[in-house]
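The data blocks that follow each hold one structure.
Okay, so subunit A shows up in both of these, paired with subunit B first and subunit C after.
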Partner chain A sequence: MWIILKAALSMAGLGLGLGIILGIAHKKFAVEVDPNVEKILNVLPGANCGACGYAGCEGAAEAIAKGEAPVEACVAGGHEIAEQVAHILGKDVQRKRKPTVSLVHCKGGKSKVSHRYRYDGIPSCSMAQQVASGPLMCTYGCLGFGDCVRACPFGALSLDGNSIPQVDVDKCTGCGLCAKTCPKDIISLVPKDVPVIVFCNSKDKPRIKRNICTVSCIGCKACEKVCEVDAVVVQNNLAVVNYEKCNGCGKCVGKCPRDCLNFLELKA
Partner chain B sequence: MRPRTFEGGIYLLGRKEATQNKPIEDIPLPPEVVIPLHQHVGPPCDPLVQKGDRVLAGQKIGDTDTFISAPIHASFSGEVKAIEPHPYFTGTEVLSVVVVPDGVQEEVRLEVPDQDKLTPDRVRSIVREAGIVGLSGTVFPTHVKLSPPKERPIDSVIINGCECEPYLTGDYRSMLESTESLIVGLKIILMTVGAKKGYFGIGVDKAEAIKRIEDLTAREQNIEVVPLDTKYPQGSERHLIKAILGREVPRDGVPMDIGVLVQNVATTIAITQAVREGKPLMERVLTVTGPGIKNPKNLKVKIGTLVKYLIERCGGFEGEPGKIIFGGVMRGEAQFSLDVPVVKGSQGIVVLPKEMAEISSPRPCVRCGRCVKVCPMSLIPTFIVTYVMEDKIDEANAAGVLECIECGACGLICPTEIPFIQYIRFAKNILLKERKT
Partner chain C sequence: MGEAQRLFFLFLGALLIYNILLIRFIALCSFFGVSTRMTTSIGMGLAVIFVMTMASAVSWVVWNYVLVPLHVGEFLYIPAFILVIASLVQFEEMVIRKISPALFRAMGIYLPLITTNCAVLAAATESVKPGFLKLHIPYRFSFIESIIYTLGVALGYTIVIIMFTAIRERIEGAPIPSSFRGFPIAFIVAALMSLAFMGFAGLFGL
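Now for the complex of A and B:
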């Protein structure tokens, strides 16, 4: 009995003594943290996507609190988060960022584009790109190994049956990580409110494009002619939408003979 | 005595039986040749001819002002049909001159001085004008290699007669059939760079070539024939120097740093032909071989001949082709089109039938360490590849990924079939791009 008591007492004594030392150390060596950092961190999405250029959300929060980064630094958060951050710091949001969504400008995929060779290597777009720009006849088109899907920290992208990444518009925050990953540069950020998209990225000659892909833009200029605000222009054999001018009337969409100029399907 | 060699590496089946005893053959006139204007290390050449012009065989059709580059010559006399981008063996397209041969084969030659009036500078300028590059596939301009800076003199020249890639026999046949030119070429190189000693490094599987060259150089005090083990990659510059001279090329350096110059057999013969006869580089010896070819041959082919004519000349495919490889099976490039032309760096065309070309999917590393054992550069390939898989390119750099010579021994020995070289090339490309910017 006495042994147990001795052990319990000595442990309690040790605990008390060390506790007091820790308590003093906590007061004496306390690191002052800007309380705003924690508040900002709570508001940020917490996905640590790195799209802002800082190492995760904590790095961004520190930079915003110190004033090194603007209140709208969080790319993924968008305008709402920027306002909340601005509220914490008592600042105003300087510029309003249009909500954007990432989009794959290609509809080709494995069934609609012809192949030059069979690729047996590592299943990754950036790896396949090294082998003569990938197995597709179209050297501009989506390779469909899903590097962007793996890069998305929000789970907004998924490969469809045709190996083309589809964007879940509700989940996409417009952080742009997928666009940085894509070795073909066919992902771009487009504004959510003007949803006219050209689903082709090929700058090849129309004759070649027509032969190798069934859903390619052939530069016929049908969309350019019908547009009343000159927002669609064919450059380098490819239709390009100027989102500053486009009013989303959609007249061009019905005119495209190749089904590659479409509305963005916003999920209700 | 055991033949000299290096540490690491891998013993491969030579598989050279099909062509090693067949003399080099010429091929008949192809209907057209496509001569790419970029067949060397350095910037591409600008075309010097126009569509519709008549060119002569050996006429210069492309050149640049840059020091590290080599001019391109027409390989046939005929009419220029077009100057347009054309598929190239790397899978990209390169601006090329398409010539339709007229069958006359009217030739122009370079001006050469009397052989006793040759000076090092004259040799260099002839070699440059002849468009000679490293014919072992490195395609580095030879006149640059022959111009060592004063502070780094060259004392030894090695002629690389290893041909350690399986299937290929072009260099072996050249050593037997053009032995005199080869030895003269070595003497020209020795004179040009002012080196004292010349070596022939030849694999012991080429006993006949060793004997022939030994017989012909028996009286030469400064030329030595060194038999080497038939290990892969014995033909790599660093490992050749290590085996013959016991010197180590610094990790970031070139053989010139330790006073050595290495030249390939075919390049040396091309130098002799240019300096003696004024013949520019417009043809090369290559082996069309592999189990997927009906009648494998060693061919002397004019630069720009399309691969399909060569396959035709060798009796076509045996069964269904699985992989058509430009160069050797270890380091070559698989092709998806037969419309690619033979270029200066093409050592051979190896066709593997379908059942040999099947690739099974990689399984996780079992940490057996065989890749570490065979790596001739003493790297740890499994670590490097694991870093690249995890997207840790900087760690891969610290592990020495840039020192890899891409011999492919690790990928071949790997029991779990991890595609080492694809990962390593990926990391190297990223790092080299970063270094440029």
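Now for the complex of A and C:
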């Protein structure tokens, strides 16, 4: 009987002592947290993509609350999130950011481009790139190992049957992590309302491109000639769309003999 | 055997020969759970070193000055140590948060995980009730001995989890049959590492 009492009392005493110490410590070591930080953090997407330049959404929320970062610091969130953040802090959104989407400027893939050698290494674009710029004949083309798919924190990218990444326009927030990851710099950020895209990134000579890839831009200037607003220009053997001029009439799309000029909605 | 030499052997024994992860298979949950990325495993390792050393120091005091004098230690040490370790981790969390926000950001998320980690409880228990020495006479660690021993255990945990993470990061890109991807191959790796660590048995005739 005595030992039970002793055990109960010693545990109760231990618990009481520790509780008092913790209670004092809680008062003494209290850290003041800006309530706005948590509110902003709740509004942010929470993907910790790092496109804003801070270490995750928490870092960004702290910087915004302190006034070190503008209310529209969140790249992925876009205008909507910026407005909510501005509402919390009682500020106005300074400038309107055009919603962007990332795009893969290549349609080649495994079946349409010929190979120089068989790559049996680690299935990663950055690894394959180090072995003589990858196994494809086209040194500008998509390697198709999906480094961008793994980099995307929003699950907006996926590899299609031809190992070419496809962008889910609804999920893409335009944070640009995939563009930074791609060793070939094929992915670029374009305005979400952009109508026409060139699905080729190769600056090789047209003769070479014609031989190694069936969907390459051969610089024939068919699109340049048909365009009424001079939005499509062939530079360095490659058609380039000027998105500020393009009005989306789509006349060039049907003219491309190599099927590498297309609308965004079709996504090829 | 000199005092310093004895402490060194105690440390080495805890670090390599009776490694907590690979020889005694304690704390395998966190071993497999946080060993996918190098940054997280280093953070976890540092947090374990910190918490384990503090916990066993406090447990030693509680054992020798509260539980033993009252003759309740033999059956009450587990709840008592859990109580002490849980409050200690809470306390440390508050202090680190106040003193060093940078350290808190690096280690903060691992501290609550460690509250209920069996490795910490095992190290604290053994620092007052040495089990592995297989002595016929009851032996009690001095305060210094228990600190050195726990430091060895914690460092052993950190070294092994960092080695394991390095291997797992390499394995990620290796051509492994799909049925072995993820945990199955991790378990095989852990088993092979454990076999390798068995080789330390008999080091210095310990």
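Simple rule for what comes next: the second predicted complex is superposed on the first by the 236 of 268 C-alpha atoms of A that agree within 3 Å, B and C clash if a C-alpha of one lies under 4 Å from a C-alpha of the other, contacts with A are read in each partner's own complex, and residues count from 1 in each chain.
Note that a residue touches a chain if its C-beta (ideal position, glycine included) is under 8 Å from a C-beta of that chain, and two chains touch if they have at least 3 such contacts.
Quick caveat, the model's predicted, so the values are computed rather than measured.
Trainee: Looking at subunit A, which partner touches more of its residues: subunit C or subunit B?
Mentor: Of subunit B and subunit C, the partner in contact with more residues of subunit A is C.
Trainee: Identify the partner contact of A:133: answer first if only subunit B is touched, second if only subunit C is, both if each is, neither if none is.
Mentor: Only subunit B is touched by A:133; subunit C is not.
Trainee: Identify the partner contact of A:117: answer first if only subunit B is touched, second if only subunit C is, both if each is, neither if none is.
Mentor: It touches subunit B, and subunit C stays clear.
Trainee: Considering only the touch criterion stated at the top, classify A:229 as touching first (subunit B), second (subunit C), both, or neither.
Mentor: neither
Trainee: Would you check which partner chain A:249 touches, where first means subunit B only, second means subunit C only, and both and neither mean what they say?
Mentor: Neither: A:249 stays clear of subunit B and subunit C.
Trainee: Quick check for you: in the superposed arrangement, does A:20 touch first (subunit B), second (subunit C), both or neither?
Mentor: A:20: touches no partner chain.
Trainee: Quick check for you: in the superposed arrangement, does A:31 touch first (subunit B), second (subunit C), both or neither?
Mentor: A:31: touches subunit C, not subunit B.
Trainee: Indicate the residue numbers of subunit A shared between its subunit B interface and its subunit C interface, in ascending order.
Mentor: The answer is residues 120, 122, 127 of subunit A.
Trainee: List the residues on subunit B that touch subunit A in their complex, please.
Mentor: That would be residues 90-92, 334, 336-337, 359, 362, 419, 422-423, 425-426, 429 of subunit B.
Trainee: For the complex, which residues does subunit A have touching subunit B?
Mentor: Residue list for subunit A touching subunit B: 116-117, 120-122, 126-127, 130-133.
Trainee: Which residues of subunit A touch subunit C in their complex?
Mentor: On the subunit A side, the touching residues are 3, 6-7, 10-11, 14-15, 18-19, 21-22, 25-26, 29-31, 120, 122-124, 127.
Trainee: Mind pulling up the subunit C residues that touch subunit A in the complex?
Mentor: 62, 66-67, 70-72, 75-76, 79-80, 83-84, 87, 90-91, 94-95, 97-98, 173-175
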